[in-house]
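So the structure is just underneath, and the comments pick up after that.
Naming follows writing order (A, B, C and D), and every chain is counted from residue 1.
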Amino acid sequence: MLKTVVSETAKRLVVILFVVTGAFLLVRAAPGDPAAFMAGEAGSGDPAFIAHLRAQMGLDRPLPVQLGYYLRDLAALDLGQSYREGRPVFDMIAERLPNTLALAGAAFLLALVMGTAAGFLAAIHRGRLIDRLISIGSVLFFSSPYYWVALMAILLFSGKLGWFPSHGTQTIGAGYTGMRALADYLHHLVLPATASALFSMAIYARLVRASMIETANALFVKAAHARGMAPVWIWLRHVLRTSLLPITTMAGVQAGQLVAGTILTETVFAWPGIGRLMYEALGARDYNVVIGVFLVTSMIVILSNLVVDLLYRFVDPRTRAA
Amino acid sequence: MPIWKSLLSRPDAILALILLGAVVLAGVLAPLIFPGGPWRMVARPFIAPFTDMGHPLGTDALGRDLAVALIYGARTSLEIGLVSTCAAVLFGTAIGGIAGFFGGRVDSLLMRSTEMFQTVPSFALAILLVAIYSPSLLSIMAAIAVVSWPPVARLARAEFLSMRRREFVQAALLSGQSNLRVAWSQILPNVLSPLIVMAALMISMAILFESALSFVGLGDPQVVSWGYLISAGRGVMARSWWLTFLPGFSIMLTIVSISILGDAIGDSQDPHFERKETE
Amino acid sequence: MRLRTVICAVFAATVAMAAPISAQERGGSLKVALFPEPPTVVAGLSGLGSASIVSSKIYEALVTYDTDLNPLPWLATSWETSEDGLVWTFNLAEDAKWHDGTPFTAADVVTSYQVFSVENDRLKLISAKIDGVEAVTEHQVRFILKESIPSFIYMMNYGNLPIIPAHLYAAGNFRENPANATPIGTGAFKVADWEKGSYIHLVRFEDYRDGSRPYLDDLYFVTIPDAQGVAVAFEEGSVDVASASNLEGFDVARLSAMDGVERTNHGWEMLAPHGFMWVNTQKAPLDRVELRQALNYALDKDFIRDVVFNGLATPPRGAFDSRTKFFDAGVNAYAFDPEKARDLVAASGYDGAVLKLSTAPVGSAWARLAEYEVQAWKEVGINVELDNNDVGGYLKKLAERSYDLGNIYLYQYGDPSVGVTRNFYSFNDVPGSPWNNVGRYVNPELDALLTQADAVNDPAERAALYAKAQQIIADDAVQVWTAELQFPTLYRSRVRNLVTTALGLSDSFANVWVEQ
Amino acid sequence: MMTDPILDVRDLCVDLRGGSRIVEDISLSVTPGQTVCLVGESGSGKSMIANAIMDLLPGSLLAVSRGQIRFHGADLRLCGHRALRELRGRRISMIFQDPMSALNPVRRIRTQFDEVFSAHGVEPEGGREARMLELLELAHLPTPRRILDAFPFELSGGQRQRVMISMAMALNPDLLIADEPTTALDVTTQAQILQLIAELQRAFGTGVLFITHDFGVVAEIADRVVVLRHGKIVEQGPLDEILRAPRAAYTRTLIDAVPAWNPRAGGLSTPALVSARALGKVFKGGATALDEVSMDLLAGETLGIVGESGSGKSTLAKCLIGLEEPDHGGIVMDGTDITALPAAQKRLRRHRMQMVFQDPTAALNPRHMIGRTLADVLKVNGCARPDLRARALALLDDVRLDRRLIDRFPHELSGGQRQRVCIARALAANPEVLIADEALSALDVSVQKQMLALFQDLKEARDLAILFITHDLRVAAEICDHVVVMRHGGVVARGTPEAVLAAGRHPYVEELLAAIPGQDWFPAGGAAAARGAGRCAI
């Protein structure tokens, strides 16, 4: 087991190295001078400022050397400075990351639980009304841009009905503490989390349904029937459990995509996370921030993949042997 | 044609076909029906839908006809969806095919790289690409293709790999047919149907991707796209919700249609050929 | 030396505009919608309007201005100028303190000038004309000029010269000063906490120089990144104040019609945001005056006002905003005339080459404006394509002068010599900077005229010179003028004394109070 | 023997939903301690009958339309799902063909075994654990405790089937339905499993309904035989009667399909066409596939490679033909070691050896018509374009296929026809050597016989050397000039069939022989007499 953890982790490290190098080369390969890019809002294109930036970014050195420095800094968690705020990008991301993780985490759980439940219901009622409804629902959610769903949700639930707040993480100035503050946070979380979750939820529902129907045809399920087990138990203990394995892999991919997807949700709901940070940095051409968020997001994806892979090995005994 | 037959036997598929057909037709014919283009200001702003039959879906904040914009948006979405999907499918199939066919070191090298592309969050990467190379139809298509080829490659690899082990492929190789010929004439036709189903899915994803990019302000400014319309309508949502609702609804309908058709094609394809004897 | 006392009214104007003193209540909090979130709230560090809205609560300037642009005391309690206008003496508040307890002195003003004469683009332009600044006493500071600057008192505005503490900024690079991490000002409020992306929370500065002020306990600036969000937040009551610069025009009408909501158009007299378009006058075919005139004639400014800006604009007559001093209403403006535009296009020899209109994502009205312009020009036969950029890329295009046309709005700062004429001096065409003469306009006659007008003390003489300049600029169609923008402020009726000066929301808020 | 039947099926019909009748008017019965064999080829509907009895038919596709299924006199069709579920597993058990997929791959044996008890709320004396261990021991599983903790994939095929049988017998059922439980297993394992079932049946007095396609197995275990074809009963009766005097011609065919015991004596002494020299191959993970294997294939002979799964026989074939690279050793053809040749040279020689695979369905491109499949091969082997069709038709003649099949797709052909197409395709390359890798085992027994004859004819007509890979010693002994017996990647015996099977044979050969089922009726030179006597004593 330990060997697997080590080798899998090593594999991810290579991926991270690749992503970092890729991101680095991407910015360097972009048309134009990155220093001039970054001069943007603050620098007013002042040649002295650009020269200062060039030196600061080490652009006067040969490319491999630059990459070396870049990697070295990165190893020390130094993602560079935001020229716009003049602060370390790492700090800026660190202070917003909890919000993104809360949002993506809530969306992930919601999608996983609701999606699996829906897929389960649809599978056991295959061909009946409830299956049709769930199928239609999942096709609709799968097909809708979720930032649009988010906007519509604001229109309905914040605008018309006033049930949920439309922006931010808290009622500002309310001075809530303790449980009250948590409840307030959760109240703000409902719309963004649901809106982000719908797409993944639809994917899970479809996947769970398909996987369960396939598993339900497996011989061991028939064997369980032949053993006289109650159908409910067979669905739960044999079909669902076994069908969830492929979902685990999917969950790893989706968890990461959710983090990236928060760029949209956070923008719509004014949710102060790293997605919105990236969006705002994009507008201001604060490339260090953009790249920083990109790298952090990638790492979260890679990390969640790693966790899922290891989990999968743990859950599926067959892979453990291999 | 068995595909058509099976499509026409499903009411949902017929509906999807009609819808998608209408979208495609409108998109293709847009410049002929509305030669003035989507940006023309034709009436007073904020006409509500179904109130002025000259402008059935009403007008936007500048008095431009929303129906015309939606039709031109269809054109953009389809163009981007098709081109980027084609590029991704061709590239992905080539990479995956080579990996699956030859196996061994080539395979692990190609698949490791594919995996790397796949672990990077695709939306973030697309944003980065478009932002750095400045938004245009070309850069958007390229970015979408870049982030969407890995699943194709993986699918193609898996299919090629399993086909490569199939006995009819081995027999063909044994009979002296060249690798390329075997890959082309024996394997490719057999992996086409899962690839087609995947391509349908990818067109949907490409359309969603493009709309999301436009929404965050990274669309091609010369063309109208549904994502752009949503983002333009967003500011006036409280007053004229339909300006946001209708473009999103168009996306939804189009993608629902594509998904249904993709499912239907997927269902109709395999069993006929792949079915084993019943016992 | 005979001194002419200009003003010695302590706080009179503000009090005059406020409700009866007895009604003023202490306590309460105020929530102001703010976008974009400023990168910093240290005065003068960011050029963003939203940054100065927050920082002006924390820092102060020497003077502020009433809505007729008359200067009012702020950190300076009174000031005098010599007859020849070459010496300006400011008497400073004696009981002012920095948030860290250090007393405020004339040295702080000297340091601030030293910093911002380098860091501030507008101040930098006139710094050559200023011989020096000296602390006469602890509480008196004197500016000595080489030549007369009639607009000197407008140069002292908060945007140009906020006062920062000498004991923190005396040495080193301003932008990299570690003190930037913790803003320390003399203002009525100080920073309590800043949750990035959510809100900036300011609290009452207990040691503010005037015992009873400020009235508010807490001040929240709530970051809401889009117009729709601001509208919803204002509507549902989670913010008390919203500026129309963060709202869609029609929402302004809708929200100001709500019960318990007030609206004011004041507060922008100083800045006078003036919408126009840079035209790269040295790049063919835009070097043809006929084509530039055609660009102007082709735009329906009434349409822009009504549809693009939902009535929150005035059609401009030229380079001078009607709210700016020395604005000449008699200037020959470009009325909407597509026929004439078409003729001029033909006369210019324009061959149909595609021109690029550079824009930045600064709001949906601006996106609509650009789309309208492209379409309107298409109607008269000028082919223009949108070139969407993010803010940085847009400024880069301007700085490199690689643009053809570029929408923008600039503040005019009350006096044309501060905010307007700098855009036309041929020597202000400095590639690398996206500010000043970005249009690369070269006209020696105008240079001479403006130099004279900017230096003459006599208002009547200045008016005549500026009138002439305005006509030349208009005739030459140096720019395409689009709209004089209005940014009304919406607020709850229980909020009092919110906008009392020409600085609007970028004023101290020391007088603001809330009915409990 | 006049006990009441446990199971009594009367006039059972199964229909495709909204379609044709698949199973028609089946009547059969099983009494306690009796083994009834349901025999039939693929598509005869034998599994469907078993599923109908257990109420396990896929309800959306198939339904019992008529008839009675009486269990101890009560009609299962009328007793309701809940009552039926009570019976299943407790009083009627079932075991399946594929023991791998009949166990949930991701759960431990213990958990799955435990469900047998929990599903019926049974608490055996001494606790479940003890009972499970006891049952596994009864099934001759060596380390029951380890087995309980294992996952299915950690067990061998035979072990899994034993586990399945233990679970099936756990609650001491009256009836055991065994659906081809040994088909997926090696002969030696099959013999053990058959023995185990018989043993347990004796111990518990269970009635067994045993489904198979192999008359050898029938002869080994049945008390009573029901012969099924196209969903109808052809005939039924006691084993003796059926074997001795089958009334139906079809039954005769099935019985005749069991290979005769007829080891050939004289080998050829022609020069070697292909020789393997000390081939070695180790798979990733360390399993030895080939261990210093040497053999000669003589011109014009049939060489049998016999072995059970994992013996390395297929790897050997793949190495010879170039689908696998041996780790070391050489393959000599015409005096040159072809393993050392560059790839281009290898390809030039490819056509000289051709292969016929086990599964003809997988071996044909489903999207190519027969004509195209043949033409593709003819083309690369130098046939001019205008002649392609004529040559393809001639090939169909050679393999005795209707010429009209040339414009058909594989799925339109029967299994036997497809295998003939595969042979035709192999011939299209005009080879000198034909490798038949278990080429018969996926076919119905009646077809196997014809196919053997075809191989024999082709060999003579074309002067082919055939490398015949099989697990069936009897078949090899009957048709091959020489036989090589392999085990664990090595050669354990070689020579003419007679020599290999003569007295003093290798112990493994002995084991293989003994494992051949039904030797009472189909003698195979094994130790049949003694066991046969034992059976008669019941």
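Going forward, contacts are C-beta pairs under 8 Å (C-beta built on N, C-alpha and C of every residue); 3 or more make two chains touch, one makes a residue touch a chain.
Composition by chain, UniProt nomenclature: B = ABC transporter permease; C = ABC transporter substrate-binding protein.
Because the structure is a prediction, the values reported are computed rather than measured.
K.L.:
Among all chains, which one's averaged Cα position is nearest the averaged Cα position of every protein chain shown?
P.N.:
Going by the distance between chain centres and the overall C-alpha centre, it is A.
K.L.:
Out of B-D and B-C, which chain pair has the most contact pairs?
P.N.:
By the number of C-beta pairs in contact, the winner is B-D.
K.L.:
Just give me the whole-number Å value for how far the CA centre of chain B lies from that of chain C.
P.N.:
47
K.L.:
Cα centroid separation between chain A and chain B, in whole Å?
P.N.:
Once rounded, the distance between the two centres reads 22 Å.
K.L.:
How many angstrom between the C-alpha centroids of chain D and chain A?
P.N.:
50
K.L.:
Where does chain D touch two or more other chains at once, residue-wise?
P.N.:
Counting only residues that touch two or more other chains, chain D contributes none.
K.L.:
At least two other chains touched by the same residue of chain A: list those residues.
P.N.:
In chain A, the residues touching two or more other chains are 154, 159, 267, 282-283.
K.L.:
What positions in chain B touch 2 or more of the other chains?
P.N.:
131, 134, 217, 234, 237-238
K.L.:
Mind pulling up the chain A residues that touch chain D in the complex?
P.N.:
Result: residues 127, 217-220, 222-230, 233, 237-238, 241-242, 245, 315-318, 321 of chain A touch chain D.
K.L.:
Can you name the residues of chain C that touch chain A in the complex?
P.N.:
These residues of chain C touch chain A: 29, 31, 36-37, 39-40, 45-47, 121, 175-176, 180, 195-199, 201, 218, 220, 222-226, 228-229, 232-233, 236, 238, 361, 390-393, 395-396, 399-400, 432-435.
K.L.:
In the complex of these two chains, what residues of chain B are touching chain C?
P.N.:
Interface residues on chain B, with respect to chain C: 39-41, 45-46, 61-63, 131, 134-135, 217, 219, 221-222, 232, 234-239.
K.L.:
Using the touch definition up top, name the residues of chain C that touch chain B in the complex.
P.N.:
226-228, 231-232, 235, 248, 250-251, 254, 307-308, 359, 361, 364, 367-368, 371-372, 374-375, 378, 385-390, 393
K.L.:
Which stretch or stretches of chain A touch chain B in the complex?
P.N.:
Touch list, chain A to chain B: 14-15, 18-19, 22-23, 26-27, 30-31, 139-140, 142-145, 147-149, 151-152, 154-155, 159, 253, 256-257, 259-261, 263-264, 267, 278-279, 282-283, 290-291, 293-294, 297-298, 301-302, 305.
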